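Order of writing sets the chain letters: A, B, C and D. Residues in each chain are counted from 1.
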Amino acid sequence: MIPWLTIAIALPAIGAVAVWALARAQAPAADTAQRRRSEAATGGGTDTITEVRPAGPAAVGAENAKRAAFGFSLATLAVVVAMALRFDTGAGGLQFEQTHEWIPRFGVHYAVGVDGIALVLILLSAVLVPLVMLAAWREHDDREDGGAGYFALILALQAMMVGVFAAADVFLFYVFFEAMLIPVYFMIGRYGRGEQRARAAVKFLLYSLVGGLIMLVAVIGVYVVGGTFLWTELAGPGGALAGIETELAVWLFLGFFIAFAIKAPMWPVHTWLPDAAQASRPGTAVLLVGVLDKVGTYGMLRYCLELFPSAVSAFVWPVVALSLVSIVYGAILAIGQSDMMRLIAYTSVSHFGFITLGIFALTEQAQAGAALYMVNHGFATGALFLVVGFLIARRGSAQIADYGGVQKVAPQLAGVFLVAGLAGLALPGLAPFVSEFLVLVGVYAFNPVAAVVAVIGVVLAALYILWMFQRTMTGPTPEKLSGLKDLNLREKWAVGPLLALLIVFGLYPQPLLDAIDPAVERTVQIGTEDASATDGATAEEGGEG
Amino acid sequence: MDPMNYIVLAALLFTIGAVGVLVRRNAIIVFMCVELMLNACNLAFVAFARMHGDIEGQVIAFFVMVVAAAEVVVGLAIIMQIFRTRRSASLDDANLLKN
Amino acid sequence: MAVTQHHAYLAAEPAVATAADSPVLSFAWLLFALPLAGAAILLLGGRRTDKWGHLLATVLPIASFALAALILFDLLGRAGDARSVSVPVYEWFAVGDFSAGVNLLVDPLSISFALLITFVGSLIHVYSIGYMAEDPGRRRFFAYLNLFVAAMLVLVLADNFVLLFLGWEGVGLASYLLIGFWQYKPTAATAAKKAFLINRVGDLGLLVAIMIMFAVLGAVSFSEVFAAVPGASDGILLAIGLLLLLGACGKSAQLPLQAWLLDAMEGPTPVSALIHAATMVTAGVYLIVRAGPIFEGAAVAQTAVLAVGAATMLAGGIIASAKDDIKKSLAGSTMSQIGMMVLAAGLGPAGYVAAIAHLITHGFFKAGLFLGAGSVMHAMNEGVDMRRYGGLATKMPITFATFGLGYLAIIGVPLLSGWWTKESIISATFGVGGTTGLVLGSAVIAGALLTAFYMSRMVFMTFLGKPRWEEGVHPHESPANMTVPMVLLAIGSLGLGAFLMLGDRFAGFLAPAVGAEVHHFSVAHAFTAPYGIAALVVLVLGVAVAWAMYLRKPVAQVAPKGSFVTVAARKELYGNEINEGLLMRPGQVLTKALVTIEDKVIDAAVNGLGAGVRDSSSGLGRAQTGFARSYALTMLFGAVIVAATLVVRL
Amino acid sequence: MIPFETDEGLSGPVITSEAPVLDWWLLAPFLVVFGAGVLAVLFEAFVPATRRRGLQIATASLALLVTFVLLVMQVGTLPEEGATLVAGVLAVDHTVLFFQGTIAVLALISLVLIAERRDGRDAFAAQAATVPGSEQERAHIMAGSQHTEVYPLVLFAVLGMLMFPAANDFLTMFIALEVMSLPLYLLCGLARRRRLFSQEAAVKYFLLGAFSSAFFLFGIAMVYGYAGSVNFAEVRAAAETGGAPIFEGGNGEPLLLMGIGLVAIGLLFKVGAVPFHNWKPDVYQGAPTPITALMASCTLVAAFGALLRVFFVPFGGSIELWEPMLWTVAVLTMVVAAIVAVTQRDVKRLLAYSSVVHAGFILTAVVAASTDGLAGAMFYLAAYGFTTLGAFAVITLVRTRDGGQELGDIDRWAGLGRRHPGLAGALSLFLLAFAGIPLTSGFIGKFAVFEAAVAAGATPLVIVGVLSSAVTAFFYVRIIVVMFFRDPEEEGPTVVPAGMLTGGVITVGVAATLTLGVFPGPVLDTLLPSNEAGPEPVSVMVDEASLERTGP
């Protein structure tokens, strides 16, 4: 049988190297003057940057490199889709499994395998990467490497994204989990926007490293206690960790959870995200918020819940509380932002609140909704970031105040922005509604009050999205924007597929749910048998709704 | 008399040496203090050899003397060198290297 | 058990329509699919469709109307209690024991709405061809209109609350897009956002209601939910009822969520006619009637419905009486009329038929009135101030005639559409009996009085009296494609009521579906019964007062100061001020506060950590003095530590 | 030994006519290096100055190469349980061989850096005897004279390093220590540029080193007093029976404690653990960079080899005595060094502090006092050695504008990554390895030592470890920020082209860092000791069975 996952990891990895080599081979050293100029421009300069066609051999080299990168990303997408088509939605466990010894001394294996949730997340990343590349095609034209390096980093990141979701070995997961930081770190720090980008990159890296290192202790703990890293041998009632006493389980759970909460990002350890998003290229932000942060919520499901079931009940209420805070707090702060990238970042804090809430409500609808939410949020927020990216590409600014009345001069851009925004506020008919609805329904069954508090987030969502839209797209068009160009073909291709997916999965999400459901049934059982106390409570709480 | 006294004496010498290292500025003297410490060790070795009725300790003492001699050679070379550049053997003058 | 038995489709699970069973019904999904396709084609097609887009967009609702008519005949061909047919299309999403399907429920209630929506909708489309002829965004406008029709049809055809919610928010979106159609006007953009937000608040109620239904009643489809009602606790039913009411208030601009409707008049007039008069705003009434079993199971919820309805009815009337902006005045009237319907619906089985009947007739004459207003505004260079109108009757005869008919219908001149339905509402209210009946009845009478007054005022100020036109205004009659729909609607205002009510035709058709009681409507009784007479008296009274104030003496071109009541009414009874004071300002404060906390506390803590490390770093770094002897001292200190840790046993 | 008799009945070994059996085969590595050193000295005396350099380099590198080959060959022949040499003065087993092999390789690589020349000038003073800035100095520089004594010195230092972890009694270990240190003291003072710094470094290193070795020696004396012997096996045996016969009821424990403590001080000084670390930043900064590289890699390996040996073999029976002490030192080392490093601006000082922190991490493995800990430490040392050599190799290339002395000030490295992506990329890789990012050798090393510590129940220590390594990440990352994210300055550094030698070193560093990071399996499984209880070893690096711990 074909090692699908390995191919999906190797392909972009090879691509990254190839692209990097190609770029280095063809790009001659650029003179300082040009670099200066590029800095001025990329450093959030206000001069309009619209479709600058680069000149000279450097550009040619970069162009080929970028084409190659795009090709690799498409190939990866093809592989992943082919794999998804062979996925058996009936089976509950991991599929496409592969296990090879890696570091025998520590019982470390190269073990990969996916269940439904991992599969859809891999799909998500595979879909987003090519689109991000399209959107970023001209972003770095005024750099000496024409952005080829950026594309190589994206490919490297993709390999790790696939790996982190595919890993069926805790050690392997950790390796990808940490290694992922490096490409993103360079994507923000080197290819980012604005003066603060270095600071933001460091903040992002250290924040994540602290989490990761704490997790390292837990990972070691898992090995010392369980004697293996193989997820399949650790998890489950018959697993190596099944018998451990609750207190130990709680500590290990905590070790993993802190790392995931920072990644997620969860209030109050979310403060790296707004800075990172603001300093990121929109493409980077798409991958960062759309996929990377999902590793946090995915980890909570796959590792916290499934490895330490006995600890779950101790965490349900604290996490639910934090999630509710995240939902409302994120939404309100989004309302208070003046920079669109920051605004979207805060909306994500709110949305991730929904996801974690759904995970820890421990009901089937809630967890399925949460899993689906991870994908939908990727598409919706991805689209939003890309559109803001188009604005930045035109005016070099993400400040709401710099825009207004865009709809008149660029109706298509405004329309796309609106659809993406409506997805963001979970309008029925668009994908996010289904997930948000499922989460809410499931959470209500878990605890009515929590659900009602969460619903507040739904109203606030309408406010922050529509207000941003009103301030940027409607009203009289200021003079400086009169020349604003509407979407070009490349941009349409970059964002179009996302909108299509949002609508398709809004009207027919069942395929995704069918894939997710078996995995969820597994985790929910874990929840119910150990959080039975809380479930009992919800039963009659549901009664007095 | 109780050989243990020799040990106490050795400890005393060692301490004196150590204190000397701390309080004296002149590199040569500091170095001499270190030598004193080494010799304190020798005394201890010999005394213990006596107590154990065993020869090894005495042999060790000889080895230590040789090593000490070697140390002197190297040490004086280095100290001489810095003395010639700085025209002073004071340790405290040499602190270019610090945070 | 009262609730179930008279719900035909509960008694026996509805026959699932199949092609064999009924080819027409199995295509029911085309009802909304057609206009949806239209919207898609126009939006994605881009400028290519500019030429013929609006025509296509007009044809599709007409096609839907035709289909609806066919379906109606199909239903009429069935036994009275077999007219509720569920048409499954496909499973939308399902997890575990939760399942939401795109399944349609075709029954007298939904089909009545479908007919109203498609018929009025089609007329509005036709009218808009003329009205928007000059507008550069015409294609977009028609796309949105189609989108609205589709969403509205989904709303009324859904057989479960989740799909209903889809339509519910869909019409909200369409309304948002159309109110803000002239988005370059900041007022329009703001109004649109306001409408959407307030609707969201209402939707929140609906959403939570659905959660409770699933969590407690274990289902979201009408049939299963209502089947579970008898077993549900009163608390649950009350909660669901109130939450549904909240939703209804949002969509139907009932107190306390009424504030958006008048601002919504920023939208093009056809929009006001279709969405904010005839159809969308009546969705609340539909919801209450549809969810009848729940309200019938929760007396308190029903009382709340009555209270909301009555209050809004009067408030709307008062506002309408003071506004000089013709559209806003009409909007106030809409509030008032819908309040009346809600009130009727709140009466339970006794009022359902009356409520829906009035809803339908109102759909006709109010749409007609709005189109008339639009035509007038067209003539007056988009001026909306009635104080600068006057004497238009001669200049625009057709408009005057159609508007007049609508006017007579709404104030309830006997034998016109409005009279029949209003009479049946009045009789239903009094039918409750006791003080309740008396209070509600008199409230409706009062509503009728207000209606008579403000509508007469409007007609007098607009069409009669001396012209008070602004400079350079040369009124003229509107083109045919605008007048024809007005005429058709006028015909409706003229005869629809009689058609529905004579021989209890509509009651007999609708009752089994919604479990309404059928009250025989006797014309004689309507003229002889005390409430009937009272209605006629207030009608005359209202007209007379209006005549005295706005026709006998000339109308001031600028509004006089007026009593505090007038002022309050002009300010929409301070609805916006209340919202601002209660929600907006506190919200702004909260936002500012949290932003500060974020920067000064949470993020500061993180950055502080880094700074702390750096400080302690330079602090500890000072130990590296560069003096060899101090290093030796450190080593000695280390020796002490070593000794200590060796000797001291933990 | 000399026969010796007195009336007091002071007894020595009986006179024997036959010499002790010498296992030349196992002694070969030592003898080769020693012989080469002696030879080199003779060259200094008899070969004309012009031809010395090439000859010396050839001899030294050849010697180290041969040594390494011999060591590798011995791996095959040496019995599983190891062997003692020269009447039990030295002991060799696979673990020791690993240490020696590592030292040999790292020394060979450092030798490359030492031999590197830029326009005819290496990193060492033309004539150390001349006063800096004086006429004679200039004359010597013009004459292009140079200190080829460097090579014999290095060889002797390496000899000491090879003996250090192989020593089987305290005396030998002390001698090894001195043989290793004395040449290094001198080498530190031989920098060509910034000679005052260099000389100061030498003085500090020498005096503090002598000071610490005095402690070490006094410790030995105490141990001797306690056990009546300095042989590791006998010390251990004594510790198990409560001390030498003269102490009835084991009341000699105070001596043992003092012994452990003072010996520990001597060794902790060599590994540079806090608070015995102050010499490291100054010396690393002042010494010629190739020598710094030698010390940072080889010396550290040797010192830890000795440390592990001492605490596992002679003191291996009294773990609970020294464990709290090493706990404390480890915590201090990791926390203090990490924090202090944050504000360092000179790259060499920074790496000095970083090496202190790494020493702290390795100490956690020592505290674990288990075979896993031993193996972890060994892997860590090897991995760190290669990475740090690469890092220092890069540093030798970054010079001031005039192409003169090295430019240590990190803040002036702005934009290096733009102009020299390859070089900066390599350095970044090394830094990430230091920070312990996965897919680099640093991560595996960290994992190995922390895993051992947790398994031994030292989880709190590990938590301190990860937190401090988060702090260290901060300053490693800062360098990357400066190199890649800042715009180049006009008067930024120049980068002298990496010749074949330095380039080679960097390449090796990169290769090792990645290979050990991605495929550590072979090393971990075949070269390092594992729990499979083999035959009882002869008082060499011990295995689980002979490590007695009464609970953590």
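The rule is short, and it goes like this: a contact is a pair of C-beta atoms (placed from the backbone, for glycine too) under 8 Å apart; a residue touches a chain by one contact, two chains touch by 3 or more.
Remember, it's a predicted structure, so these values are computed and weren't measured experimentally.
Counted by C-beta pairs in contact, the busier of A-C and B-C is A-C. Chain A has its Cα centroid nearest to the centroid of all protein Cα atoms in the structure. Inter-chain centre distance (chain A to chain B, centres taken as mean C-alpha positions): 65 Å.
With centres set at the average Cα position, the gap from chain A to chain C is 37 Å. Chain geometry summary: the mean Cα position of chain B and that of chain C are 98 Å apart. The distance from the centre of chain B to the centre of chain D, with each centre set as the mean of the Cα atoms, comes to 24 Å. The multi-chain contact residues of chain C, meaning those touching 2 or more other chains, are 610, 621, 624, 626, 628, 632. Shared contact sites, meaning residues of chain B that touch two or more other chains, fall at 18, 21, 30, 91, 94-99.
Residues of chain A in contact with two or more other chains: 206.
Chains touching one another form the pairs A-C, A-D, B-C, B-D, C-D. On the chain D side of its complex with chain A, the touching residues are 375, 417-419, 421, 432, 435, 437-439, 443-444, 446-448, 450-451, 454-455, 459, 462-463, 466-467, 469-470, 473-474, 477-478, 481, 484-488, 520-521, 524-525, 528, 530. Residues 203-204, 207-208, 211-212, 215, 257, 260-262, 264-265, 268-269, 274-276, 278-279, 281-282, 321-322, 324-325, 327-329, 332, 336, 339-344, 471, 474 of chain D are the ones that touch chain C when the two sit in their complex. Residues of chain B touching chain D in their complex: 7, 10, 14, 17-18, 21, 27, 30-31, 34, 37-38, 40-41, 44-45, 47-60, 63-64, 67, 70-71, 74-75, 77-79, 81-82, 84-86, 91, 94-99.
Those residues of chain C lying in contact with chain A across their complex are 43, 90-96, 98, 140, 162, 165-166, 168-170, 173, 176, 180, 183-186, 188-190, 193, 196-197, 200-201, 204, 207-208, 210-212, 214-216, 233, 235-236, 239, 587, 590-592, 594-595, 598, 602-603, 606, 610. Those residues of chain C whose C-beta lies close enough to touch chain D in the complex are 610, 613-614, 616-618, 620-621, 623-624, 626, 628, 630-632, 634-635, 637-639, 641-643, 645-650.
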